[in-house]
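Alright, structures below, take your time with them.
Next, two complexes with chain A in common: one pairs it with chain B, the other with chain C.
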Partner chain A sequence: MKSAVITFPGSNCDRDMDVALKKFGFKNKMVWHQDIELPKSDLVVLPGGFSYGDYLRCGSMASKSKIMQSVINFANSGGMVMGICNGFQILVETGLVPGVLLRNKYLEFICKNVFVKISDKDNAYFKNIKNNVLELHIAHNEGNYFCTNDQLKEIEDNAQIAINYCNNQGKIEKSFNPNGSIKNIAGIFNKEKNVLGMMPHPERMIDPSLSGEDGSLFFKNLINNIK
Partner chain B sequence: MTVNEKIAIDHGLKKDEYKKICELLKRNPNITELGIFSAMWNEHCSYKSSRLHLKKLPTKGKQVIQGPGENAGIIDIGDNDAIVFKIESHNHPSFIEPYQGAATGVGGIMRDVFTMGARPIANLNSIHFGSSQHKKTKNLLRGVVHGIGGYGNCMGVPTIAGQTSFDSSYNGNILVNAMTLGLVKKDKIFYSKAAGLNKPVIYVGSKTGRDGIHGASMASASFDDKIEEKKPTVQVGDPFTEKLLLEACLELMAGDSIIAIQDMGAAGLTSSSIEMASKGNLGIEINLNKVPCRETKMTPYEIMLSESQERMLIILESGKEVQAKKIFDKWNLDFAVIGKTTKSKKIELFFDNEKVADIPVNTLVENSPMYDRKWKKAKLPKKNKINKDEINNLKIIEVLKKILANPNICSKEWIWQQYDHTVMGDTIQKPGGDSGVVRVHGTNKAVAASVDSSAVYCWAHPLTGGKQVVCESFRNLISVGAKPIAITNCLNFGSPENEENMGEFVECVQGIGEASSYLKFPVVSGNVSFYNQTKDQGIKPTPSIGGVGLINDYTKMITMDFKEVDNVVLVIGKTEGHIDQSLFARVILDEKNGPPPEINLFNEKNNGETLLKLIDSNLIKSAHDISLGGIITAISKMCIKGNKGINLKKPKYLISEIEYFFAEDQGRYIVEICKKDQKKVLDILNKNAVYYDELGTINENVLFLNEKTKVTIDELKEFNTKWLKEYMSN
Partner chain C sequence: MKISVIITLKKDVLDPQGKVIHQALDGMGFKDVNEVRQGKYFEINTKETNPKKAKDKVEEMCKKLLANLVIENYKIIDAQ
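Moving on to the complex of A and B:
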């Protein structure tokens, strides 16, 4: 399986993603934001970080990068595109997934482990993961997902919510919401579910010495589903 | 403008210093030259009050590749890997403008590390605020934490450990010390020593603006009522540009075109160019019209003294300019050839075709003033006569709850959750433990780092306090299973012109030297911050020690959380019941006098090394050093972290339970072992003449001494975690 990770100026989880993808069997290529063409890939990843310093709305500058047209075309033709953290912010800015990401409710950067409930398994990202709840890691300042009521209805009708913040039992309640996001949303798909944007970083949880191993579950499953 | 003595004094120079400048130049300096002298000769850059004493610190060791004198210290961790590290203060700017002050402190120290070719792999910090009741404290704390996070998070370097304290002596002068560790291949280290004639001098990074002019001079003066007016001297950080600069520099460093490289930190272009020339025994000629400027009509004086951030000065091999420029173009950074090396041994500056400065380099460096300041020796205070009946009537659990909720002990989760501590995917011990630990990427090795200070002990007796901080750093590394290798120190003191403050400095340094020499834990880098005072009130002497150690096999790393019910808990080291200067004495008895606990270097070394042996033999399940708050505070933290309880028994001693549990005797650890290993462990401790107590066994969820003295771990946890969160949300 071939993957590509885009490096924007200010990306800082690009190496971590490269390490994770390779560990679980992907042949990964790093792609510079000013390239025009994507290499032939089965999966394209927009990594975390602070693209262009996030001085403007997070992800908005990166969404206009040269390479992004090619990423958008790839997604529109059914290619799998995953945006993690800043990558999720870039995805909403391109319009590939609906909604926006606001500043965290308590106005503070937050770095910790959270539990998320897999809300939809009818897609290549989560299909066949036995667990319903994953323990993942978040590290962001703008992860407060928001959308209009109409958008929310559409998202729910199409089962586009990928994961929600919850407790270790899978209970989705306000008190387990770290950033104020609407309906505890931690990640969403596009309508066709080939594009996934999510705040948690699975690439930081890929061996027992790190914060946990549920990231390994995610990647192992991912490569099997792409096959 | 004609320069005279008054203008020199306004630049922070003393009368006789100005006289010396005129003698060295054999004429009066012009304004640009005066600015350069004032920047190079201030305390911050010249170490004029501290140099004499710093020379006495042990700086060599088997694993030391580079000691003090470069951008950062370097130690060998085997397999051609080396760790570059340093700690630096950014106290004054952080008090004036907490967000930017702290942020640029973090940015500055990271540049010091990647200037040497190392990729930063971990950040730490030691931050000290005034009393929690003081009206400025909350905003300063919030601003500093946001600033540290804002910069480090954006750079993608994990912040893995730190220390926060509150003490009214910092009411008017907070401390922000930032430390960075970087990883470099031993054969790819870069230094700041210029070499070769007519080599191009290159400016890269951000453009030069008017920010931070005279920042170093500001950091070398005491605060007065008008500090708010000094806001323009604080630099503004841009972590995004620094991230680009990091990647661009490392890309250029992968090749062989760099002769020397130096970041522009304090005193900007002035100190960077002069240091490179001085180390290479060369001259440097700069055309200031070529310096990329952010603002129009900047004068030579402003360009030379600006402390705009995210800039580097590079001396390149001739002919490599085009190739190098390509890299900086790719990262969208300025790149300008601004001068060349010369044989003149002078710093020669040109602007609008005129020579605007012409100074022999040695006058700025070797001839900079050095003072043997007067200082007063501190006496060891007399022991307090503590009323035993009074303290024995106290209820242990009530006291413990107060101590766990004390600002200096309570959980600092509110702080470190705002720092990205897991980026780079190698953090195997997060903040909140004895040390932060990161793996050396792609190897079985890991590096542990901790930052410590004990201002109260140093204030009560500087010599003992100085020794204690080094020992505590040593213990924090050992507690995670790391072999301590070397330290970096950030020496925060009041005015060197005050004999008592100077005495505190001299004796703390002596204490640091004695301990680090005995423990073979040399000082490889550091920085001195004097004038931490408002009007004539100095802070408590606060040397911060950043210790670095190595774990050869990271799977053997130890954490402090209790692991398993029925395991046995031991105290390593002897408890004498030293209550003076303990947190217990200050918080519960309101007693501030008395000597700090004594340091026995033999015991420190022996206890620590024996514990390392036990860890290496896989006999230790968890470990934690005993510091502030004594045995029972340490135990409580291990219980809270592991979500386990303990059945305690107080060993038979002459001292009371309160003294046993809250004393702050040094050289002690708490360890958890399996019952089946008990005999083996005790044999090793006995054979090495290490004193130990059997303290109890682990249970499900209660800290239990007897029916009257017990508490659930959930309750302790609540006391430990709620104070800071509530304080910051009100």
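Moving on to the complex of A and C:
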């Protein structure tokens, strides 16, 4: 299984993602943002970080960089594209997934472990995963998911919500929402569910020496689904 | 030709920075402020000399990059 991770100026989770993908069996290639063509891939990842220093709006400059036209074409032809954290911000700026990510409600940079409930398993990312709740890491200043009421209705009607912030029992409540996002949304799909954007970092939870291994469950399941 | 653009958050979008600035102003004694909304201001210096054409181009820039129309409105201030 082949994957590609795009590096933008200011990306800082690209190498972590490379390590994670390789650990679970992907043949990964790093791709520079000024490249024009993507290598042949089963999965393209937009990593976390602070692309272009978060200038203008987080992800807005990266969404216009050279490689992104290939990524958009790849996604529109059904290819799997996953954006983590800043990668999610880039995805919303391209319009591949609906909505925007606003500044966190209490204006704090949040860096901690959270629980997320997998809200939809009818997709290539979470199909067959045994757990309903994962403990993952978040680290962001702009993770407050927002969309218009019309968009929200469409997202709910199409079951595009991927994961919601919850407690360790999977209970989705406002008190478990770290950043003020609508409906505790932590990650969403496009309509066809081949594009996934999410704030939590599964690549940070892939080793016992880190603070957990629920990311391993995600990646093991992911590569099995793609095979 | 110089064209200015002001980007503001739409009415129903939460503006936590504006709220904090409002609180700070209140604390400084500016008690009659109803609300503060923070926005962005751009000055675009273009080679285009036809004001209508320049304005149209800037409008395209707003739609494609400068504003995110899900949460923001833009206002183009006439060419000078």
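Methods note: the second predicted complex is superposed on the first by the 227 of 227 C-alpha atoms of A that agree within 3 Å, B and C clash if a C-alpha of one lies under 4 Å from a C-alpha of the other, contacts with A are read in each partner's own complex, and residues count from 1 in each chain.
Convention: a residue touches a chain if its C-beta (ideal position, glycine included) is under 8 Å from a C-beta of that chain, and two chains touch if they have at least 3 such contacts.
This is a predicted model, so every value here is computed, not measured.
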Notebook entry, point to check: Now for A:Leu210: first (chain B), second (chain C), both, or neither, which partner does it touch?
Noted result: first
Checklist line | First, second, both or neither for A:Ile226, with chain B first and chain C second | finding: neither
Margin query: For A:Lys105 in the superposed arrangement: first (chain B), second (chain C), both or neither?
Written below: second
Next item on the list: Give one of first, second, both or neither to describe whether A:Cys147 is in contact with chain B, with chain C, with both, or with none.
Entry: second
Checklist line | Which superposed partner A:Leu56 touches (first chain B, second chain C, both, neither) | finding: second
Margin query: Contact-wise, after the overlay, does A:Ile172 reach chain B, chain C, both or neither (first, second, both, neither)?
Written below: neither
Notebook entry, point to check: Residues of chain A touched: more by chain B or chain C?
Noted result: B
Note to self: Touch test for A:Ala159: chain B only (first), chain C only (second), both, or neither?
What the structure shows: neither
Margin query: Looking at A:Ile129 after the superposition, I want to know if it touches chain B, chain C, both of them or none. Which is it: first, second, both, neither?
Written below: neither
Margin query: Let me check the overlay on chain A: which residues of chain A are in contact with chain B and also with chain C?
Written below: none
Check: Which of the residues in chain C come into contact with chain A in the complex?
Finding: 13-14, 16-17, 20, 65-66, 68, 70-71
Item checked: chain B - residues contacting chain A, complex -> 146, 149-150, 153-156, 238-241, 243-244, 331-332, 416-425, 427-428, 430, 439, 554-555, 557
Check: Which of the residues in chain A come into contact with chain B in the complex?
Finding: 9-10, 12-13, 15-16, 19-20, 48-50, 52-55, 108-112, 137, 139, 141, 201, 203-204, 206, 209-211
Margin query: Which stretch or stretches of chain A touch chain C in the complex?
Written below: 56-57, 60, 64, 93, 99-100, 102-107, 144, 146-148, 151, 180
